[in-house]
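Take a look at this one; I'll ask things after.
By letter and in written order, the chains are A, B, C and D; residue numbering begins at 1 in each of them.
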Amino acid sequence: MVSYVIRRLLQSALILLGVSLVTFILLYLIPADPARQIAGRSATAQTVENIREQLGLNLPFYEQYVRYLLNLLQGDLGRSYLQKTEVSELIAARLPATLLLMAGAIFCELLIGLTMGLVAALKRNTPTDTTLMVLSFTGVSSPQFVIGILLLYVFAVQLGWFPIGGYGTFMHLVLPSLTLGLLGAGWYARMMRSAMLDVLRQDFIRTARAKGLKRVQVLFGHAVPNALLPIIAMIGIDIGLFMSGIVVVESVFGWPGIGQLAWQAIQRVDIPIIMGVTLVSACAIVLGNFLADMVAPLIDPRIKLR
Amino acid sequence: MERLLRRKLAIIALVVITIIVGAALFAPLVAPFDPSEQFFEGLTLEGAPLPPGERFWLGTDLLGRDVLSRLIYGAQTSLIIGLVANGIAVAVGALVGILAGFFRGWVETVLMRFTDLMMAFPALLLAITLAALFRPSLWIVAMVIAMVNWVQMARVVYTETRSLSEREFIVAERAMGAGLGRVLFRHILPHLLSSIVVFGTLGISTTVLLEATLSYLGIGVQPPTPSWGNIIYENQTYFTSAPWLVFFPGVAIIALALAFNLLGDALREVLDPTQKGRH
Amino acid sequence: EDIKQGGSMIVTYKDDVSTLDPAIGYDWQNWSMIKSLFDGLMDYEPGTTDLTTDLAESYTISEDGKTFTFKLRDGVTFHNGRKLTAEDVKYSLDRVVNPKTQSPGAGFFGSIKGYDAVAAGEAESLDGVTVVDPLTVKIELSRPDATFLHVMALNFSFVVPKEEVEKWGADFGKHPVGSGAFSLEEWTLGQRLVFKRNADYWRAGTPKLDQITFEVGQEPVVALLRMQRGEADIPGDGIPPAKFLEVMKDPQSKDLIIEGGQLQTGYVSMNVKMPPFDKLEVRKAVNMAINKERIVRIINGRAVVANQPLPPSMPGYDKDYKGYPFDPEAAKKLLAEAGYPDGFETELYVYNTDPNPRIAQSIQADLAAIGIKAELKALAQANVIAAGGEADQAPMIWSGGMAWIADFPDPSNFYGPILGCAGAVKGGWNWSWYCNEELDKLAAEADSITDPARKEEREKLWGKIFTSIMDDAPWVPVFNELRFTMRSDRLGGPDAIFVDPVHIPVNYDYVWAKDVQ
Amino acid sequence: MTQTPDLAAEIVLSVQDLKTEVATPDGAKTVVDGLSFDLRRGETLCIAGESGSGKSMTALSIMRLLPEPMARVASGSVRLGGRDLCQLGETEMCAIRGGDIAMIFQEPMTSLNPVLTIGRQLREAIFVHQDVSRREAEKRALETLEAVRLSEPKRRLKQYPHELSGGMRQRVMIAMALACNPKVLIADEPTTALDVTIQAQILQLIRDLQRDFGTAVILITHDMGVVAEMADRVVVMNQGKIVEHGAVSEVFERPKDAYTRELLDAVPKLGAMTGQDAVISAAGAGPEPVLEVKDLTVRFDLRGGILDRVVSRVHAVEGVSFSLRAGETLGLVGESGCGKSTIGKALMNLVPWEGSIRVAGRPIPHGRGEADRLFRRDLQMIFQDPYASLDPRMRVGDLVGEPLVIHGLAKGRELRDRVASLFERVGLTPDQMDRHPHEFSGGQRQRICIARALALSPKAIIADESVSALDVSVQAQVLDLLQELQKELDLSFLFISHDMAVVEQVSHRVAVMYLGQIVEVGTRRQVFENPRHPYTQRLMEAVPIPDPARRRDVFKVPIGDIPSPVRALGESVERVRYVDVGDRHLVAEPA
């Protein structure tokens, strides 16, 4: 177990190293000159050269990368070119908002998805089932920016039930979480449905019924816990999807999270921030998968970590 | 096919796809106007777009172009992306998955660690960076999307190949002395085909959506080539003053993605070997 | 002036505020914020482009125009309570020129004696700047510079306290301490900044507001909706194009909008080093092909058609210059003369935020009408700028979104970096790579006219330079943007400060709140 | 336990005219057709019949656990203490299930909820029917586990199903079923998935419990041996109908129905060959063995630790040596997990192995390559599951012809002709060549596999549990076919099976495996008539004999499972040494 954790952590570190290398290469190749960016439009060639030297941009690629890594090891993600602030500080300031949004989204998708899936499985091959599944597919098929704009228009602008974007109170959280969660809800509804149908076919369900348990007891005592297993594993993977979704959702709703930070940075080619956010996201994804794997044996005793 | 046609939803999906593909193929015949023509009378004197009306059925956009015509031509973009990008993703993913799943050992290690690496990238960030790097054009966008999307395919094919290669009939083949090529292409590939087809169809919707998102973020297909995503991107801020500019392309994207999802789902059930007569 | 102090306002922005270090901050958003936190020797009359003194009580210029002596106001203190002296002025100038500071504005100070040594890292302090006494500072130039007083009004020359800069190091921009009308109270990254009134501000009765809150991360459309609901006072990014007509038509909000000019020109640059734009006929043809009226209509009439590089409110603007007419037929003929009867294929680079791709598409359609097939490259700002800085990358660039807004209201600012030979280098901002040595000489001549009495002569000279440039047609000047600022009806103040040419979106120091009157 | 049913005892369960239908795409199909029987207190009723005869459906109909909405009871009644279960509502049925009638299922591996502890699942069974406190339920649960003689019952309560072996899980199932002292216990093939020794233990347990609690038992099985051992009365089913119903001795001694007779005849009986020498018919049985295995060792690495290094090994096969002459059948028996299949796989070069293997005098190379391909012409394999070992997407004709194609021996017309003759050879018709595997019955599929193995005219065939999955009647046919082929083609067989009776029937020589090693090897007569190793003796004793007359009152069964073959790295397994007890009858020395 302990050795498993250590091995996984080592693997994760390697993956992150790979992510950092690939990102660094990509950003190195990007046709925009950071030094010139920092220098601005009135700078002389001399100024640009100075800046280039100070940032080490005139060094060969591998040296730049090694420098970056060494700083990274000390927890230094560098300084934003344009915001002139420590990237770690910028990310730290925005992370809570993103985490909150993700928590809200996970809550939404589980609540909506699992309920839909459960109902659909119990009413399988009825119009209810079909309707729910079409709905779930609609969720899966709708781009988040469309959903976001739509929700914003209907519930915030027209009906005025929610604030029009922003951050702070619970009411601010509802629409963005819903937007971010609907996609996952669609998948979960489908997964839950098929997992439930699968589980209900299993021998142990028959055993439970043979014991004389009532339908509800069989359902919630035996079927649902088993059906949740594949879904728990998915939540970890979801974090990757969220990381992509937050860029869009945060920009639609003006949510001050790292998605917005990333998007601003990409538009301005603020490389240290892009690097930082990519690494943080990759960390989150790796961590999410890791946690999913760690939690799995707690829920499913058959799984052994090795 | 017969089994497919027995499903009502699948038929609706097929009809929607046919309509969209038809519109895209015969765009010059179907579209009422040239999609890039900026009509003088397409804008009010103050420069506001026209709402849906008699001449411009779905209204005009901010440059006075016919929205319907742009949507019809935009279908070409979405479908090209959906087919090309997804096709590449499917091919790459399937190849990586099969090789890793069958050969194991260092081939597996290298390929799957690389897949893990790609998984760890936030897909959209990667796509955005790549798009910025290569300066977007239709084909570049297709490549970028393909690069991001092959991963799931690889994983699915990998796990399936792994369990397939442990199946007794594959062991039996090997016991007979069948070569690798034979085992891979005559026995494993046919069994993967249904998953590949299913994931391929589902992948079309994913790619169409990703293209839309990239275009929505302004780094997708370049104007004036219409794509449903960039139509929304160009007009998104007008969602209160000219909602039709966002509504129609939004519905189009959802309809296409939904149709492919429903088709994929129906295929999943039709092609699932466990559903076939097995005693 | 019986306007009471007090009250507060909320300004919203889409993007994060970057550094508030006056030596570094160089975007329109932090530009005016810095102006409220810091002061320099010179400033402009609120709402105008008229130079006036600020921290300097008075100044004298030597006969040869090369020595400026500034007398400082007594009793000015920094936000940390320390008294501001001539040492601080010298320190600030030395700092901004020092390469370690990485100031994008260092180049503005090139005329000060000793600049080269400091810029090269060979000296720590400028020879030309001397502290005469605690309240007097003398600045010697190496050549006459007509724009020097403007430079002293730039943010880059604002005075910073040494001890605070050293305390915060690279983070001074996040913990700015100046002598301005406001001081920074709170900065929650990614969410909000709060400015508090500087009670000890030397200009009595200023500023009016007790507090300004800047909320960031707000989409312009959302910001406007919030403003209409009374949740915000000024949409900092302006009225979003999508809402413009609606707002203008709404009788209620109409009165809340103030219109003003801007020292800005939107243009299409043509790279004279890349064929076929090396041919004058081609450039002229393009000039005549673009329907500027229509472009102005697309942006809902928020601009006036331009025919020369200088904006109308800039001294030196030639009212009588007619420019190239919109005449596609003549343009076609010109193309044929140049050897392109069937047109050619080229690329048009454009910054990818609304409305720029739209404008570019309109230009694209106009060009198509005379046979030029221009492919659009809508990219992030940094990528467009990078492409423009290469000699052989971007044949055409639409400048919108990155367009030249003057650093200071003087025509020379419109020449050097963007049309002069100095800018036509790798990484420069002269995207048309136009370099006319003769005009460069004329420009140098104009800038050495420092005598205020010969102001008019100088402006004439500049006007001629710009119309001569148009003869070579490296640009298509398309329009000069107008400014529309919207404010909630809680805010009061002279209209001019809401469209202050050097403070965008508004001159924070002079806005007052009606609800405390 | 009485041999003759006590006809006077009260009837606890009475099934009358039970008819169960299943919905199929082609309309309703009757799977249980007019079934009637009575069950008396303390009696054991066995329902026997081949696969698909409707045994499980009968049990599920009684329990009202049919897979709805596909299956339903169409008519008939099931009376329990005066109530007709078919008329009861779901709530009332819940009280009956587990309370009055309990049921045990075939698959111990999947019949317990994998995510709940044993204790929780047991307690639940108690709570449903008894109003007791948690502590009391805990106590009762412990008691029932003790009653089913599970080792370390206290610890088991906290364990999860996957931590127990199949036999232990089946005990838990029984404990659960008996937790509320039901009047009737229905056991649907409770031992089919288990080894003979474990089967013996479980059957003994059911008997003991029945005696102690007076429960009436319906025991469903297809194993006539189990019927003979356990039943008071027998119901033989075929295609949903009762074909024979009577006291066990009567049915076995004087079967009235032709089907019953066939069924009984097909059952291999241990000891049926006693006294007969197995003669190798081969004319050309040369001195040179077809297959010679020396010191074969197969170990599987188990990885762990931070660097994922090998920390322990499964010693699946340890130093096994044997040889096989032309026309000879060597039977390989042993309990599940002892390494039988692994030997087969090693011989086919499908797992890495050590030692030496010679086929027709040529050593098998360790890697792949041309040499690897060559030896396969002489050695082929038939797998256990005929369905799983045929690619379901290919036509059977292509499957059978594949070895010829792979080895480049035939193509086009010739290929088709040769495949056609192979089909005839195994008793199929060439016109079936274009069908797919799922269109054949189990027995036919196994014939296809045999045909495929024969395609290259090998000298030896490894048959790994090749008849275990088949019904007895089909099993008999396939065994006949194999023996016929052997006579005709001079084939050698390595016949792997856990079924002692089958091995006795077909083998010339027999090897008994235990924990990866052979513990006894000799001719059939030597091993079966004079088993010397204690393990061999135990195996033989555990086999139920399909003859009620020879029924044993008590199985002499050891408790406990076989030890694990997993060893830490570096720790070696002690190799057994053999003693020749006469005429090359080798027996491992007791440790």
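Simple rule for what comes next: a residue touches a chain if its C-beta (ideal position, glycine included) is under 8 Å from a C-beta of that chain, and two chains touch if they have at least 3 such contacts.
As the structure is a computational prediction, the values presented were derived from the model and not from experiment.
Novice: Can you figure out the chain closest to the middle, judged by Cα centres?
Specialist: Of all chains shown, the one whose C-alpha centre lies nearest the global C-alpha mean is A.
Novice: Comparing the two chain pairs, does A-B have more C-beta contacts than B-D, or is it the other way round?
Specialist: Greater number of contacting C-beta pairs: A-B.
Novice: Just give me the whole-number Å value for how far the CA centre of subunit A lies from that of subunit D.
Specialist: Taking the mean C-alpha position of each chain, the two centres sit 49 Å apart.
Novice: Roughly how far is subunit A from subunit B, going centre to centre by Cα mean, in whole Å?
Specialist: For subunit A versus subunit B, the centre distance works out to 21 Å.
Novice: Would you kindly tell me how far, in whole Å, the mean C-alpha position of subunit C lies from that of subunit B?
Specialist: About 44 Å separates the centre of subunit B from that of subunit C.
Novice: When you check subunit A against every other chain, which residues touch at least two of them?
Specialist: 30-31, 157, 266, 269
Novice: Show the residues in subunit C shared as contacts by 2 or more other chains, in ascending order.
Specialist: Residues 219, 225, 353, 380, 383 of subunit C each touch two or more of the other chains.
Novice: Quick check on subunit D: which residues sit in contact with 2+ other chains?
Specialist: Correct list: empty.
Novice: Could you please specify the touching residues of subunit B with respect to subunit C in the complex?
Specialist: Residues in contact with subunit C: 36-38, 43, 45-48, 62-63, 132, 135-136, 218-219, 222-224, 234, 237-242.
Novice: For a test of understanding, state which residues of subunit A touch subunit C in their complex under the given definition.
Specialist: Interface residues on the subunit A side: 30-33, 36-48, 50-51, 54, 79-80, 82-86, 89-90, 93-94, 97, 157, 164-167, 251-252, 254-257, 260-261, 264, 266-269.
Novice: Can you check the complex and tell me which residues of subunit C touch subunit A?
Specialist: Touch list, subunit C to subunit A: 14-16, 18-19, 21, 24, 26, 99-100, 102-108, 110, 119-121, 170-171, 173-174, 188-191, 216-219, 222, 225-226, 353, 380-383, 385-387, 389, 407, 417, 425, 427-429.
Novice: Where on subunit D is subunit A touching in the complex?
Specialist: So the residues of subunit D touching subunit A come out as 63, 65, 90-91, 94-99, 102-103, 105, 107, 110-116, 124-125, 128-129, 160, 162-163, 173, 176-177, 303-308.
Novice: Considering the complex alone, what residue numbers of subunit C touch subunit B?
Specialist: 219-221, 225, 240-243, 245-246, 294, 297-301, 352-355, 357-358, 360-362, 364-365, 375-380, 383
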